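What follows are several structures.
After this come two complexes, each holding chain A, first together with chain B and then together with chain C.
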Partner chain A sequence: MRNRKFTIALAGNPNSGKSTIFNNLTGAHQHVGNYPGVTVEKKEGKASFQDYEINVVDLPGTYSLSAYSEDEVVARDFIINEKPDVIVDIVDSSNLERNLYLATQLMELEIPLVLAMNMNDMAEKKGQDVDYTKLFDLLGVAIVSTVGNKNIGTKELLETIIKVYEEKIKTKVVHIGYGPEIREEMDKLEQIVKKDKELVDQYPWRWLIVKMLENDSSVLDIVGKSSIAQEAIAQNENGRRHLQMHFGDIPETIIADRRYGFISGACTEALKPSIEQRHDLSDKIDKVILNRILGIPIFALVMYAIFKVTFIFSEPMVGWFEKFFEGLSGIATTYIPEGLFQSFVVDGLIGGVGGVLGFFPLVLFMFFAIAFFEDTGYMARAAFVMDKLMSKFGLHGKSFLPMMISTNGCAVPGIMATRTLESKKDRLITMMVTPFMICGAKLPIFALFIGAFFPTKYGANIMFSMYVLSVIIAFGSAWALKKLVFKGETAYFVMELPPYRIPTIKGLLLKMWERGWMYIRKAGTIVILISIIIWAGFTFPQYSPKEENVSEEEIAAVQLEQSYAGRFGHFVEPVVKPIGLDWRSGIAFMAGIAAKEVVVSTFGTIYSLGEVDPEETDSLRESMQKDPSWDPLKALAFLMFSLIYLPCFVAMAVFYRESGSQLKWTLFLIFWTTVMAWLASFAVYQGGRILGFGV
Partner chain B sequence: MHRLTQARTNVNLIFVSLEGGRGAMHRLTDMGLIPGERLRVLHNSGYGPVTVLIKGAKVALGHGLAAKIIVKEE
Partner chain C sequence: MEKILSELKPKESGKVKKIYGEGMLHKRLLDMGIIKGAKIEVIKVAPLGDPIDIKVKGYHLSLRKEEAAQISIEVN
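For the complex of A and B:
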C-alpha cells in the first residue's frame, strides 16, 4: 500500500483562515490557475503524508452554496463533477454558528466531511468549550481542532483525513429536519426525480430537491433538461406556492431558517455556554479607522503606502531587469550578424520578454503591500470607508485601489489589483475604467506636447486639467457602464469585517508569489506574441534606398512611413482628420499601443532624428515647433486622444486574461476607449475652431 | 418597528424583514440574518454604511441595503 493517491477539497467561509490551512497542508507545492471560463482562482497543491499523496484543491471562500455568485457555483460544481474523496470544511471556531451554515449545505452533497475547527485558541480565550464527541454525533462529521497561523493541528488534520478516506472513521449523513410541511413537498419531488436514473446517478437526489425548493436557478436548469423536466418543474412550482402560503414567507428563507435552527440546536448541546463575544481591541481600532473624520485620511495614508511600495521599493529590481536585458541585447547585437534576424531577436524577442518582466517587480511589490493590508483586516474597512462615494458612480469601495495604482503608476498592476473585488460585475467595471487614469508612461507624451506648444506658465495647469479630466472620464464611464451595460439588481454592500490580525510573513510571501506568478503565466505568452507582431508591422516591407548619400535617420523615417504600420497610419488619416491630426499622429498612436512612451520616440523617427530618449526631447520639441502643420489646438486634440484611447497591449493582454479570457470584453474595451477618445478630441478640436482658436 | 438606518448605536434589535430582492435576502441569510435573528448595532453615523454584530461576527451593510432592513427593538 504505497503512495495511495486521493483528492480532497477545502471549503470554508472567507476569513476562516482557509488559505493558511491550505499553505500548512501543501507547503510550497502548490500552483494557481483559473477554473475554465470564469475569473475565479483555482489553487491546487500536493500533501505527502505517511504513504499517501493527497491532491488538495482550495475551493473559493464562500458563505453558502447557492447559485447567486460565481464563486459558490464554482465550488459546488467542483464537488459535484469532480467528486473529491473528502471535503474539509474550515470553520472559524470563534464564529461557529455562522460558519456551520456552509457545513449544513456541504453535508447534503453526500461526500465524507471533515470539520477543521480553526482558530480554536481564540475561541478558547473567549471561554468557548466544545464537546467534540457530542458534536460528532450530532453532525455526523469528523472534527479536528486547528490553529492555522501557528501551524497547530496540521498533522492531526491529515491523519483524520486519511482515516475518513480509509473509512476508519465512519462519517454519516445526518439529515436536517426541515419540518413536516417541507418534508411533504420533498417527498413528492423525490418520487418524480427518482424516475430519472441518469439524473440521480449524477447528482445527490436530496440536494437536487432541496435546491429546487430553494428556487436555485442552475439546479432548475439541470432538472429542466432531464426527462422528467415538465413534471418536476410543475410539482416544484406547486410546492413552493403551497409553502409560501403556509409560512407567509418565501421557501428559501424557511429552509435557511431550518438550517440555522439545526445548527443552533447542535451548538446548544455541544457547547458549554460561553461568555458574550468580546471584540475589545478590534472594536477600539475600528472606532478610529471607521471614524467619519479620521477614516478618510487614514485611508489616504494606506493607499499612499501601497503606491509607494509598488513603485519606489521595486525600483532597484526594475533597474536590475533593465540592466539584464540591456546586456542581453548587447550580447545579441555582438554575436548575431546585423540584419533582419538580429533585429528580430533584439527588438522582437528580447523586447517582448523584457516587456513582460519589466512589470514583474511592480506586480510583486504591489501584491505584497495589498496582502499585508488584506491579512491585517484593513482592506475590508477600506472598502467600507470609500463605499458611499464610489457607489454613487456604480463602483465598489474596493475599486479605488486599482485606479490609484494606475494613476502615475501603471494599469498592468492596476488591473491585477481588481482581484480584491469579489463580484464579477464590479471587477469588470473597475478593470474597464482603470486604464483611463494617467499612467506613468503617458507622462512623457504630455511633457513633449505641453513643452512644445504651450507657454511654460500654463504647463502645470494643463497637466492638472488632464488629471481632472482622466478622473471625470473614468468615473463617468463607470456610471455609464453601470447604467447601460451592467444593468440588473444592484450589488448590495454586505461585508464581514474580520477581527484585526497580525499577518504571517510566510502567508504574505506566498500570496505575493502566487499572484505575481499568475501575471507571468497568464500575460507572458500573449505579450511576447504581440510584441513580435508589432515588430513585424514596423519592419516589413523592408526599405533599401537607391541613392547613396542618404543618412541613417532619413532611412529610418522612410522605413517607418512605408512599413505596414506606417501604411496603416496613412489609411486611418480620414479618421483622425476631423480631430485635426494627420497620418503621422496615426502612426504614433499605432506605436503607442506597444507602450505609451513609444509615441515620443516614434515622432523622433518621423522627424528623422533617429533614436529619441523620451526623457530628453529638446531637439524633437524644436522640430515639432517648426513644423507648420501643428498648432496648440491640434496639440491639445492629440493629448486628449492619447489620454483616453486604447491602453498599451500589455494592459490589454492582462485585461483579456483577467476578464475570464473572453474576447467580447476586450473588444468592448477597445471600442469604448477609442470612441470616447475620438469624441473628446473631436469636441476639443472642432469646439476650439468654432471659438476661433487654432489655424 | 423602524429601519436599520434609523437605529441608534449599541442597541439590540430583532430583524423583521427586508424590502428587497432575493439576491439581497440571500446575502443577509449568508451572514446569518434571518427573520427573528438578533443583531446589535455597533456603528451607525446616519449616513454611509452601518456596522452590526450578527452571530458574533462584525458585518458592514451598505446604506442602501440598511435602509431596506426593517427591525424592532428587543
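For the complex of A and C:
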C-alpha cells in the first residue's frame, strides 16, 4: 500500500465558508502557526483519505490577489513560492460572479485548480441552477459541489483533489479575453520577460505580465530585480500609457472589466435562468437589524447580551474550577512534606496557574459568543452601524473586530486582526487602542476585585461599566491620535455585508478553542515561569526569627516585607501611594507587564504565603475580603490602573512587529498608556475621597 | 441622467459610468465588482447617516459616502 503525501492550499473570498470546508477536510487535526516573517496566522491540517495524506493549508480569505492588503500578499506569496500541488478555491455559489473573480486570477498561476462550489443549497434556494458541465467547459477547471455546513460533498471534493493531483490535470489555459489592445501589450512584454529563463522558471509568465500591466507593486519589484529589468519596466510604462490613451481609463480598470466580462459570459451560459428573488431572508432581517431607529439599540443590546450571558453561564463553572484548584492545593499540602518544596508546588505552581485557569470557562464562553455573532454575519453589520461614529474618532468600522477580539480575548490576535484594515493610518490607530480593551487576561483581575469588594447583585453592572469605560478610553485615545499624530491622512471603508447564516456548532467550537488555546498556552508557558519567579521573589531571602515567642502570623508578615519582591514593592510604593495603593499592588503591576494574568496570581502568592493555617485554604477572593487594608475605592483605583496601563510583553512585541518594527510607536505606546493609567487612577481615588467614599 | 453614487437615495439604481481617482481605493472597488456598466442599487443608509449599503453583482457592499462620491452612475 502506498502512502502518498502532497500539499493543497485553500483559497477563497471571506465569507465563502472556507473555514467550514477546512474543518470538514481536516477534522480536528489542525494546527495554527505563522507564516515565516509575518504574523498572519497560518492554519494547517491533515486530511487522510484513501492512501493519501494531504497537507491542507488554509490561506487568508481574500477577494483578489493584488498586493494591497497584507492578507492578499500572504496568500499570493504562499502560492507563488511554496507552489502547492493543488489549489482549491472555495466559491460561494450564491454569490458567483464576485467569487469567480478570484478564480480568474488563480487560473493564471498555472497550478492545478479545483473549484468547490460551496453553499449550493443556498444558491438553489435563491433560485439559481448551475450547469456544472457547461461551467467546466468554460472555465476549464475541475468543479465539485459542496455544502460545507452540512458536510455534503467532502468525499467528492477529496476524490477530485486526488484525481487532479494524480493526473496532473493542468488547468486548461482558458484565455480571458483581454481584447486585442491589451493582448498586443501583453505580447510585447511576453517576449521581453521570456528572455530571462530564471524569472519565468520561478514565476508563471502570464501572471507576471498581467500584473505588470496592472501596476502591481510587488511584481514590479520582482521584475525590477531581474536581468531584463530596464527593458521590461520601460516597455510596461509605454504600454500602460498607450492603453490609458486608448481607453481613456487606467489599465487596471480595463483588466478588471475584462475579467468580470469573462465571468459574466460564463455565468450567463452556465446558469439556467430562473426567477431572481429580489428580497431574500437576509434582506428582511437587515430591514430590522440595520433599521434607522432600531439599528443602534440592537447593537447595544447584542453587546450587553454577550457580556451578561457570558457571566451568567460561566459563573457556576468558574466556581467549580476554583474548588478544583483548592482541592488540588489541599491534596498537595497533605502529601508533600512541609517545607520549601511544598510551598513551591502549592503557592508557586498551583496558586499561580490556578489563578489564571480559574477564569478559563468565562473566557471560553465569551469567545463562543463572539464567534457566534461573527459567523452569523452580525459583526459586519456592527461595523456598518458603528462606522460613522468610529470614523469620527479616527477609527474604521472594521476596527471594531480587533477591539472585540481583544475584549475578553487577547490583544495579540486582536492586533493581528488589524491586518484586514488596508490603510496604514487605520491600522496603526486601531493597534494602539486595541490593548486598552479588557482582555481575557485582565478579566480575572476584574472578576477577582469586583467579586471581592462589591455586592454580587451589582457585579455584572460594574463589570459592564468597566467595559464601557475601556471603550471610552480607547476612543478618546484614537481621537487624540487622529488629531495629533495622523492629521490629514485619509482611509476608506469598503466592506461586504455577507448574508446571514446559521453557524455550525463545530465551527463555533473550533473557533472558540483556537482563541482559547492562545490563552491557555500563555498560562502554560509564560505564566508558569513568571509564577515561579514571583514565588521565589517572595520566598527568598528566607526569614528565620531569632526569638522563640514570635507568632506565625508575624513571621509570615515579616517574610513578605523583607523578601526581594517586598523590597521592590516598597521601592515603587511612592508612585502608587497617591492612587491609594501600597507596595503589594506595585509588585502586582510590575509582574503584570509580563502577562496580565500574573497580577492575579501574584496576589495569590502574596495571600497564600501570608496564610497562617495551612489547613485553611481560603480562596483568594475571601482572603482579600478579609484584608482590612482594602476598600472598594482602592479596589476601583486599582482596577482603573490595570485597565489602562501598559499592554503585556507579548502584546508589545507583536505591536512592535506589526507597526513595521518602528521603535518610536512602541515607545509612544508605553509612555501614553502609563501616564494615562496613573492620571485616571489618581482622579478616581482622590476624587472619590473628596466625595467621601473610602476610608 | 448622470449622478454621483453618494447622491442616490435608497431604492434608486443605475449603472456605473465611471470611477474616479487612482490607487488603492480604485483597485479595491474594481475587485469588489464595481466596474463600468455594473448595476448598482442603493439599499439603505446606516442609522447614523453613513456608510451606505448597495447591491452590486447580487451581493451587499457597504461604503462610505466619501468613497461613493468617486463613482458616477447613469441613473435608470
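Going forward, the second predicted complex is superposed on the first by the 368 of 695 C-alpha atoms of A that agree within 3 Å, B and C clash if a C-alpha of one lies under 4 Å from a C-alpha of the other, contacts with A are read in each partner's own complex, and residues count from 1 in each chain.
Please note the rule applied: contacts are C-beta pairs under 8 Å (C-beta built on N, C-alpha and C of every residue); 3 or more make two chains touch, one makes a residue touch a chain.
Since the structure is predicted, the reported quantities are computational estimates derived from the model, not experimental observations.
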### Query
Looking at the overlay, what does A:384 touch: chain B (first), chain C (second), both, or neither?
both
### Task
Would you check which partner chain A:492 touches, where first means chain B only, second means chain C only, and both and neither mean what they say?
both
### Touching partner for A:290 - first (chain B), second (chain C), both, neither
both
### Query
In the superposed arrangement, which partner chain does A:422 touch: chain B (first), chain C (second), both, or neither?
second
### Message
By the touch definition at the top of the document, which applies to A:666: first (chain B), second (chain C), both, or neither?
### Response
neither
### Message
I'd like to know which partner A:64 touches here: chain B for first, chain C for second, both or neither.
### Response
both
### Query
For chain A, which residues lie in the overlap of the chain B contacts and the chain C contacts?
63-64, 66, 68, 95, 97-98, 101, 249-250, 252-253, 256-257, 260, 282-283, 286, 290, 292, 380, 384, 387-388, 391, 492-499
### Message
List the residues on chain A that touch chain B in their complex, please.
### Response
63-64, 66, 68, 94-95, 97-98, 101, 215, 249-250, 252-253, 256-257, 260, 277, 279, 282-283, 286, 290, 292, 380, 384, 387-388, 391, 489-490, 492-499
### Message
With touch defined as at the start, can you tell me which chain B residues reach chain A in the complex?
### Response
20-32, 34-37, 42-43, 45, 47-49, 51, 53-65
### Task
Note which residues of chain A are touching chain C in the complex, please.
63-64, 66, 68, 95-98, 101, 249-250, 252-253, 256-257, 260, 282-283, 286, 290-293, 295-296, 380, 384-385, 387-389, 391, 397, 422-423, 492-499
### Message
List the residues on chain C that touch chain A in their complex, please.
### Response
18-19, 22, 24-33, 35-36, 38, 43-51, 53, 57-64, 66-67
